[in-house]
Every structure is written in structure tokens, then in C-alpha cells.
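These are the structures, in C-alpha cells.
Note that chain A is present in both complexes that follow, paired respectively with chain B and with chain C.
Let's turn to the complex of A and B:
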């Protein structure tokens, strides 16, 4: 089946909304959708819901002979599949560009970052090693598959337990989970991908684009990072020109988001561990809400219904009273007069302030400069006006 | 008496599943039983199978006087039906016809002569990616669906290319039918909040346009959320929005 084409009016509207910094579901530019992580009854099975995007990941292991070039290391195998139930655009057994891109990025994020200790997966050097296989299936496509896939993969890997082995000379005994408790994998750090979509030749960016926003994007920047602020991989696609400070800004945003998401993953893992220890019920069936409509439902997302008046009142109350004297009109020529002078646009500066939370001194300095300049201008005008009045 | 109506009546307002059966057998009895032949109109979701009426969609059984019964179901997948007005997206222009995506299994074809005032010399200004509001003339499971943008008198009657601005989004078919009902409460409540333009297609697509981008987004989000709300919840939500945006 073919995917619904994007009409011109949708494209125009989306770009216009992005210019006004509005998103379809009311999020802010740097907001993620609700992330929900649930684990299944088996170890290593995890479903991640990022808004409506749903991704399932399953980790499994097998004893195999190692690669000739690396006899003491285990093997990691990553596989991502786009299921046709995720979107009408995905056809079964079709090697599309998106699939190759996602697979490659997932491999780079997890394999090249060396987040898993492969040496510990060796059982008998040169003969038997563990092959860890990570299978990611996309169940529903509503944008930003890369982030959801990376979160699912790393959560599943952290959740997975491999069977215990005992070596006696040349005999290797693999214990079943009933005989001996399975052992978790040794994971050094959790790399997580954060996607930034760029619009209108790189002038606007959005974090966590949904499916419609992805269709009108110009380019995509994916930064894989861990919570220790180490960048594991950066990939830019779409061929847009990015400035150095844009990339730096994105990496700062990514570090904030990654730390939040890492905390979420750890909390989910902790919950699951607690429930399993206490002997409670765990698995996917328990995480589904009972007796509630689950199709056609929308999660509570904050729709920005701010009225200009409220925010305007806030700003007025917060800033100092700049104009205590009403500026009187200045006659420029016969028939034209000027009242006041345009205030410097401070919105652009506000955005920079958001992105650099570390440099707070600079922030206050900038604000000070603005108010100073406004006062100065107002004072000058009044002097002129008073002078002209005196002349009259 | 009318066993048929009685059988249906006891199930009105209940949730029925595909496979439920209403079977009617004329009782064999003596002389004083007057057998009246009743005419029942089975709407969508009900299907006659010999002496039985079977339910083929899951939903709630509804009734309209005097003898119309149907199943009200929440469905998002659209199946083209003759006479319905839908919003389509033009995908290709090939020679004399446009191919339009209406959300069904096949793309519908729209001839360029099917616009008001269109002749072989005077072609309509339709580009790929435009939205068209049109009606089905042919829509069955054996043939490719066909659309037209004029009615039987040759007038446009509101159909044609539209929507240079505004937002298009998809809702379920049940909500679309509620919006198109003659005295729709949802539309009346929405009108009170702020003025906006709306085009509703029977294929589940809705186009809205308000004065600002913010208002358009609010209307779109409200419509998408009032799917599963009772009228009470909906009215409280609309009231909150109206107070917030004043």
C-alpha cells in the first residue's frame, strides 16, 4: 500500500507553524514526547513508546565459534526491521534507504562506542564465544524511529541475562536459568541517540520530530551520547550546511536530554527488578491499562493555550518599569510625526539564553544591556520633545 | 406482532460483535395470528443472510424511525461509496485525468473536465499536492473509483480545489458523521470559541483554518480529542478553552 502523500497546504502550514515556533501537538522546540519503557516476561525484551512511535527489541544469545581475527571477543549482531504494520509506506522484504540508514546508525551507536564489554563474552578462547543478537522491530511509525530504536536496544541489553557457564578443562557446561541464575551483560555506558530535524535551510531546528514534521524537514542530525557527556557518534544527513555553533548547541541540548532519558531507563530497570524480586506480576500484560479505550486515544499533551495577555502581563511585572514618562510625538516633517522609537527585538536573544544554561552571567548581562538602551533612548526623546515644546 | 422490531429493540444501544445473529421465523400458529410483513432497512454493519440478519461490524446498534437499523462503529479505514463527498489529495497529473488519493485501497481518478467551467481549452488550475473536495460517481469493489467536482446540474456547489492555507488532519469516520449531522452539537460548541473555516470529508479528513496558526492548532487538537468524550466532558473542555483564549 502506498503512504498518503503530503499535500501542499499541510507542508505550507507546518513550515509556517515552525517559523512561529509552534508544533502540532503543542510541544516546545526542545521537548520530547512521553517516553514509556516496559519490559516483558523474558529477560531482554523491551517495548519503548515515544509518543505514538512504538519499537520492540529482543536480545538473545548463542554459543558460536569466534571470528578468526578476534578469537577472544564475543560477537554482537544488530538487526532492525521495519514491520509493514508500522506504516503503509513499509513493504515487506524491501530494502529501503531508511532501513539501511537506521541499521547503520544503530550499529555505529552501539558497536563502535564499545558500550558492551565483548571480552567478557568469551567462554573458551578461539573456540566458543557468546553471540549477542539484538533484534529491533518497529511496530508503529510516528516519527523519530532512531531515538526509539536506540533507547529500546540499550534498555533491552541492560535488561538481558545470559546463562551462566562453567568451564572444566575442555568441558563447557551451560546452566539453564533454573539451575543457576543468569548473569547480566557488562555494560560500560548507555549511548542514546538524539535526533534534531532542521527546516528552512537550517534556520529552525526541532528535537524529536513527529512523522509529519519529518516529511517537511530539510536535514537530520543524529547525535549519540551517553550521560557522561561523551559523544559516541554524530551523523548529519540531508545535505544541509550546519554552522559550528549550531552543532555545538545541539550537542549541549543532547547532553541534557540524554541524562533525562538515562534516568528514565534506570528507573524502569529498577522497577522491573524490584517487581521480579518481590514476586509480583511483570511483563507486557501488566503494563496495559485495563478496561479503557486504547485505540484512538491521545496522551495528555500540554496544548499551549497561552494568551498573549497573560505572558505579556508576566513580562511587564518582571521587568522594571522602563517608561515612566510618556514620550510625546516628535515632528519629523509636516504631516509626519514619530512617537517613541522601536524597541530592540529581544526574542532572538531569549532563544540563546535557553540553550546556554551554564553561562548565566552572560544572560543577566544581556538583559541589563537591553533595558539600559531602552531607558537611554526614552530619555533622549523626552529631552528633544521638551526642547521643542520650549521653543514653541 | 412485530417480532422483528422487538428483537432489534432489545439490543438497541448495546455493543454487538461480528457474528451476532438476529433470526426471524414466522411462528406457526392458528388462525387469529395476523402476519404482517414488515420492511426493515439494514444500514451499515448489518447484513441479511436468508432468514437471518447478521452483524458484520463491531459497534453499537442504533435505530432511526420508522424502520432503519445500523451499527455505529469507530472505524478509520475509509471504503469509497457512491455519492459521498471526500477530501482528496492530487498525486499525479497524467494526460486528461488526475489521480487523487482518498485514503482507500485505490487511488481515484478525476477528469479535468469534471470542474465547473472547464473545457478542452480552458483547463482547471490543479497542481500535484492540492486538496480537492469532490464526490464519487463510481465507487464499488470491482472498478477504479471516479470523482467529479460538479453536481448533476454542472455547478460546482462548493466542490473543487481549496485550502491554500490551513491544516489537514485525519479523524475516525464516526466523528466525521457526527460533525456532518444536521444539528451537530460539536460544531455548535466549537463555533462559540472563535470563528474558523472547516471542510469535512467523509473519508475521515478534516481541513480547518482559523485566523492564526495557534487557533488553527487549537481547533485541530480539540477535534481530535473529542472522539472519545461524552458531551458533558466535551462541553467542559470547550468552556475551559474559551475562557483561556479570551
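Let's turn to the complex of A and C:
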């Protein structure tokens, strides 16, 4: 299904608001929306909510023979899917540009930056290695899928535990979680993507664009960083022209945001670990508030209201009262009332009809013929009733 | 490949270049008679071929045409014999699709598309031999092909890669340097205004080094633009000599 196109007035409104440094939900230029990370009952399952954008990530593992070129390293496989439930624009089985871009960016952010120690995933060199598969599903699209996907992926990878293996000669025994505790993956660092949207030929930029803002953007710059201030990947897209100092400024902003988000992820992981240890209830069902309507829930949006009243009063006082006098309706006959006199017919009629003067002294009990009909005779129905009324 | 150091103590790289030196660039324009514009470019051992058709009427679905601009359609593919191991899928895989998208965005920013509403410009690029800097070679070859086709552009689009080894920025990486695990930054630049049309970087780099790396890439691009300009002028001289008689 095609997505509804953005109307011109909506586009102009959004651009005008961005020029005045105002956003639809009242955020500042560099503010992120509320990030909520919840883990499921299985290890390696995580849902990230970035405002209304919701992304689910699941990590799983499998023993496979390794690649020929790298016999001692494990394999990482990333897959991002745009589920049709996320947005009417996403159709199943259609490889759109957005899907390719998101997949490649996710791969670049997590694989090329070597955040996971792949050598530790080797079980038997050249024969069996662990293949870690990261599946990201977009559940709701409200802008900035890249950031949400990267946060979900790295949180899920940090949360995941793989089964323990024991090697005795040529025998490989994989222990189930009941026999031996599963082992977490060894993660060197947590790369997180930060998206910057550029508007109006690069003069304005916004962090974490929502879906509406994304539609009017000129281009996008995605910087993946970790909290040690190392840039893992930069990607500019959308055909905007950037200047070198713009990119440097963005990287500085990104480092601040990334440290905040890393804090959040670590705290969420800590909480989950504590709850599991204490034997409390955990999982997705716990994270959703019970007995509350969730679909129509709206968070309070901090909108600037300081001078709204003054501006409104200003506008009201400035407008002059209309001098037009509207006459009250006159009841001319049963079922016929008249308001005003009407203007002269300007449809280009014959000469003599134009000179017909407007009769001001109309007798109220005279029946008015208000019709444009071309017929010679106009028959007035209900004549007897009229006459009887007059007599009374 | 242990023991191959990317930068020796005397400051020489694997192929004997110094850190900011570019590889030898050789290019020819108008290599195909059928296409509106074509160019063949060699950057060291990387060989790229670019062909431009257009501007012509939008083929295929009418809905793709824009009422006020031309649509640029790019396809990037690598020949199966271009890499050391034979490539089984030359186009259609994710990396090629992503490269095609990036090329399209780069040229949409540089070409004056407002002059050709409701039409389409096709750019096809093929890598014949890949030795590092595939994207840059494509962009440079495509720029020459667009100039050959006579399509107006804001400026030359020059692209170059840059890497970072031991606090020194290297310009124009070859395949061994790229896959060595170090940083590699690909940058497409419009030299006169200094505007960056595309920026792509993989692998870890500390934030403080970013400025130096970008500076190295931008200087390399500006040097490359002079080379491309020389190629265009020489080609025009040859053509005018042939047609003036």
C-alpha cells in the first residue's frame, strides 16, 4: 500500500517550524525521545522503544562450519526486516531502498567495528564455529529506525548467553542451559548509531528525527560511536552537501549522546540481571502496565506556551470590527424569508432588464415570485390558502 | 599476511609511496561510440569503466519521473574477474545495491537536474579490476563520463579514500591497506566549494583523528580534480584537432 503523500502545507509548516527551532513534540534540537529498553524471558531478546518507534531484536546461535578464508573465527549474521505492521508503506517481499540502507548500516556498525570477539566463538578450528544471528524486526515506524535498531542489536547481543561447550578430542558436547549456565558473548565495546537529519540545504540539523520530520529532510548523516569516543562508522546519505566543520560538530554531539545511551543500556542490563538473580518476574509481559489503555496513551509534550496568550490577545485587538451590517431576516410569505436585498444580476442580460429599478416599497402581503424560470405563466400554488389568510 | 607493515619507518608504504601521495591516474574519455558519454579510468591497479545515457525520456514506470527534475539512475557492478576470488553475484547483492544508491545520491547533488524535468539520466559503472578505492574510481570515472556526455554539473565530483596508521593519514588506499583492518574513509568532494557530497567511514577511529583524516582525503580529492581537469582538456584538444580539419 502506498503511503499517503505529505501535503504541501504540512511540509511548509514543518520547515517553518524547524527554521524557528521548534519541533512538533516540543523537543530541543539535540534532544532524543524517551528510550525504553525491555528484555524478554529468553536471553538475547530485547525490545527498544524510541518514542513511538518500536524495534524488536532477537539473537540466536548455531554451530556451523566456518568460512574457508577464516577458519578460526565465528560468523556474525545480521538481518533487519521492515515488518508491514510498522507502517503502511512497508510491503512484504519488497526490497526497498530503505531496507538495503538500514541493513548495510547495521552490518557496518556492528561487524566492521569488531565489537564482538569472533575468535572466542571458535569451537573446533576449521570445523565448527558458532554462528551468531541477529534478527531485527521493526514493529512501529515513527522515525529514526537506524538508532533504534542499533540500540536494540547491541543490547540484545550484550544480553545473550550462548550454550557452554566442552571439547574432548574430537567430541563436542553442547550443554543445555539446565546442565550448565550459558556464557555471555565477549563484547569489546558498544557502538551506537546517532542520526542527524539536515533540512533546507544543510542549514538546520535535528537529532533523532520523528517520522514527519524525516519526510521533509534533505539528507541524513549517521555516526556510530562508542562511549570511548571512537567513531565506528560514518555514513552520509541523501545527497546533501556537507562542510568539514559540520561533520566535526556532529561527531562531538554524537559522543555526548552515545555516552548517555550507553549509560541507559548498562542500567537496563543491570536491572534485568538483578531481577533474574532475585527470582523476580521478568519479560515483556511485565514491562507493560496492566489494566491500562495503552494505545491512546500520550506522553505530555513540553510545548512552549509562554507568549501564546499575549500573541492571541494581540491578534484579537488588532483586527478591526467589521462594518458590514447584516439585516435581520424578513418573512415575506409562508415558507419564504429574505435576508438582504441582493445585488444586481451581472450575468449580462438584455438592456431593458438591466434598467429595471429595484423596488424598495414592496408590500409585504404581496406574493413574491422568486424564480428564474422562463415560463410565461407562473402558477402559484396554495393560492386559496393565501387569500384566506389575507382575509383573516 | 603478517609482517607487512603499512607504513615503514622511513615513511614508505607497501607500494613505495609516501603517506599523502596518490596512485597514478590514467583516464580516457569517449571510449564507446554508442553511449552518450563514457570514460575509462585507472587509479593504480583499480580499473573502472563508466557509461552515461541521457538525458532521455523516463523509461519504465511513468510514476518515477519527477515534474521538476531529472531522475538519475545508477547501477554499480563488479566484473566477476575483478577480485582475487571469482565473484559469484556481480550485481543484486546488498553491497552493490548500497553502492548504487550512494552513487545516485552523489550525482543527484552535483548534476543540475532542474534543467531536465521529466527525464532520466542513466549512469552505469563497472569495476574491471578491484584494488582498493572501488567507490572512488567509480565516482571519478562517472564524472568524466558525464562531462563527456555534456550534462551540466556544478563542479567536478572527485572521490578518494584515506586511512590512518600510527598517527599518519594515508591518502588513496590500495586493497591491502583497506583490508588490513585499519580505518578507511571514502569521501566525494566538489573541490571548488569544498562541499562533501558523500562521506563513508568504516572501522574504529578516535574522534580526535577525524579532522586530520578528513583533511587528508580532501587534499587528495583536490589534487585529483586537477588531474581530471587535465584529462578533459586534453581530450577536447584531441577532438578539436580531429574535427577542425
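Quick note on the criterion: the second predicted complex is superposed on the first by the 304 of 392 C-alpha atoms of A that agree within 3 Å, B and C clash if a C-alpha of one lies under 4 Å from a C-alpha of the other, contacts with A are read in each partner's own complex, and residues count from 1 in each chain.
One rule holds in what follows: a contact is a pair of C-beta atoms (placed from the backbone, for glycine too) under 8 Å apart; a residue touches a chain by one contact, two chains touch by 3 or more.
The structure presented is a predicted model; accordingly, all values stated were derived computationally and were not measured.
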| item | value |
| --- | --- |
| Superposition on chain A - do chain B and chain C clash or fit | fit |
| First, second, both or neither for A:112, with chain B first and chain C second | second |
| Touched partner set for A:101, first chain B, second chain C, both or neither | second |
| First, second, both or neither for A:240, with chain B first and chain C second | second |
| Contacts of A:124 with chain B and chain C, given as first, second, both or neither | neither |
| Partner chain(s) touched by A:231 [first = chain B, second = chain C, both, neither] | second |
| Touched partner set for A:255, first chain B, second chain C, both or neither | second |
| Chain B versus chain C, judged by how many residues of chain A each one touches | C |
| Chain B versus chain C as contact partner of A:17, first or second or both or neither | first |
| Minimum C-alpha spacing, chains overlaid - chain B and chain C, in Å | 10 |
| Touching residues on chain B, where the partner in the complex is chain A | 74, 76, 89, 91, 101, 103, 105, 127, 129-131, 163-168, 172, 207, 213-214, 216-218, 220-221, 224-225, 227-228, 241, 244-246 |
| Chain A residues within the chain B interface of the complex | 1-2, 4-13, 16-17, 20, 22, 24-26, 293, 295-298, 303-305, 307 |
| Contacting residues of chain A [partner chain C, same complex] | 97, 100-101, 103-104, 107-108, 112-114, 219, 221, 225-226, 229-244, 247-248, 251-252, 255 |
| Residue numbers on chain C that touch chain A, as the complex places them | 94-95, 97-98, 101-102, 105-106, 108-109, 185, 190, 193-208, 210-211, 214-215, 218 |
